[in-house]
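So, here come the structures, one by one.
Next, two complexes with subunit A in common: one pairs it with subunit B, the other with subunit C.
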Partner chain A sequence: MLGRQDIVVQTHGLGRLPALDICARAILLHWRGAVFQSGATAQVYVGYGAIPWGREHEIFVYRDRDALDNWEEFEAHAGNANTMIYLLAYDETQVTVVVDDATAREMAPLILAMQWSIWNMSTQLYPLEKAA
Partner chain B sequence: MAQIYHYTNRSSFNVIHSQQTWTFLASRPPGEHPMGAYFTNLDRDTPLLARKLGIPREKLEFVLCFADVHDLRPLRGDRGRFIFYSPVDYGVEPARQIGAGPT
Partner chain C sequence: MSAQNHKLREIVRLAGLGPSLDGAESWHELGFDLLDQMADVLDRTATAYAQLFPADPTATPSPTVDALEAMLASNPHKATAFLQALLSVTEAQALMMVWRILHGDEIVSVSVKYHESDRFELVVDLRAQGGGGITSFQTHDITCAPLLGHFGIIIIDGQPAFSGFYAHRI
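This part shows the complex of A and B:
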């Protein structure tokens, strides 16, 4: 009764909302036509700017509109593997990234991009906080 | 009293439901998760339930519901808020069984 793979990414002090936002933007670098969906309400957000970040703890990110339509019609099946990423952020210290196969050729760079982006942003903020 | 759900297909449902004490067998799920029998506290009206659990639609056709006695482990990560497991076969005696049938 359980599927997919859970990757827990530490936020390195950024907090859950900035980390969730950074993950979404990192995905957009690879999936330019990504479509977002609220995990709480299933509302589809057309465009990154439409996401109400303050309210969302869970976001589904689809590779494109076709991927969303496929998931809506069929749910999980072999044909739509690695076309959707499920992001959850309830804890200030971590974001959970749920994928079909983290080692898949199309998925591994996205996961690395999310981890790198969070790490990179946290190291930029750290000196500013220390100086304040 | 909190409720726990196990969603499954018809064949697995028939096997589990035919037993007086429901026995959920521990198995190795995909995705490097621990071996176990897996459950959730999300009811069938939860939006995008199959996607949250990461299972195909046919695995949501039937459900068994029982009372939580807080002896299950949360999955590592944020899905541990709603996915729980027993690392060994898990029995639910009739006194804890609440309901079972098609979703």
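This part shows the complex of A and C:
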């Protein structure tokens, strides 16, 4: 990313997996054709439903297939700014959302929506770390 | 206890929901076995699912014990959410709806109608992931109403959205 910005999103006790899941769902509402790629293996998942969240700690989410192809061919450049979001979560307390420019019109509402949704659901949802 | 029921019980416990089974232990004296009910409902749901989606283009598996075991390994938060629904809901239509959301379907519309001492109706329309077709799920069983509380809520681009299905705190 050219102008990488890391936004740390607290999970408010919700846990890593539900928080990542919520972020992915939010991105899908924003980018209907979003494409998910494993940060560990570079495997491209066929839709949200194919992602094994329990085994993933890093996910690249591209705006669409064209954005993925562009990133794979040219890597980061000015022309593909804000067409990919990098999600990282290595502990239960936070998800890091990496974008080119968090204040960009394309990104700011989405990041706010993720933060609000996680906070809102944390008031009622089950914290996964309590599972056996 | 059958091998499948034994496996289902282990999945419920690994998902952190063992106390819910324990809480229903005393019902055995009244002739009710919660685990048997869950297994029966899951079987009915899997059968209905296979009929409704005979050739599912999204390759979403039927909601079987084996599929739940696989989900627990890859997406434990989703398995917990589905099992919470299975613990309290006996309607195959409602459980198919939950299963589809967990596998990526988008919630297009929700309609709830209730009139005292008369009727309850819940209708949820889902769009298959990737912009696929719409499937409508309907139930008149009021015990399905709490499922709505599992829906994720997002306000994005100024628009309200139900998105995803999540487990409640225990």
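Here is the rule we use: the second predicted complex is superposed on the first by the 122 of 132 C-alpha atoms of A that agree within 3 Å, B and C clash if a C-alpha of one lies under 4 Å from a C-alpha of the other, contacts with A are read in each partner's own complex, and residues count from 1 in each chain.
Following the convention adopted for this analysis, a contact is a pair of C-beta atoms (placed from the backbone, for glycine too) under 8 Å apart; a residue touches a chain by one contact, two chains touch by 3 or more.
This structure is a prediction, so every number in the text was calculated from the model and none was measured.
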>> Based on the shared subunit A superposition, would you classify subunit B and subunit C as clashing or fitting together?
In response: fit
>> After the superposition on A, what does A:Y86 contact: first (subunit B), second (subunit C), both or neither?
In response: first
> If you stack the two complexes on chain A, which partner ends up touching A:R105: first (subunit B), second (subunit C), both, or neither?
Replying inline: neither
> So, A:G47: does it touch subunit B (first), subunit C (second), both, or neither?
Replying inline: second
> Touching A:G39, do we find subunit B (first), subunit C (second), both, or neither?
Replying inline: first
> After lining up the shared chain so the two structures overlap, which partner does A:R55 touch, if you call subunit B first and subunit C second: first, second, both or neither?
Replying inline: second
>> Output check: A:L29 vs subunit B and subunit C. Expected answer is one of first, second, both, neither. What do you get?
In response: second
> What's the minimum Cα gap, in whole angstrom, linking subunit B and subunit C in the superposed view?
Replying inline: 21
> Which parts of subunit A are touched by subunit B and by subunit C alike?
Replying inline: none
> Taking the complex as given, what residues does subunit A use to touch subunit C?
Replying inline: 15, 17-18, 21-22, 25-26, 28-30, 32, 46-49, 51-55, 109-110, 113, 116-117, 120-121, 124-128, 130-132
>> Looking at the complex, which residues from subunit C come into contact with subunit A?
In response: 13-16, 18, 58-60, 73-78, 80-81, 84, 102-104, 106, 129-131, 149, 152-158, 161, 163-164, 166-170
> Which of the residues in subunit B come into contact with subunit A in the complex?
Replying inline: 6-8, 29-33, 38-40, 47-48, 50-57, 59, 75-79, 81, 83, 85
>> Using the touch definition from the top, list the residues of subunit A that touch subunit B in their complex.
In response: 1-8, 37, 39-42, 58, 60, 71, 74-77, 84, 86, 88-91, 94-96, 98
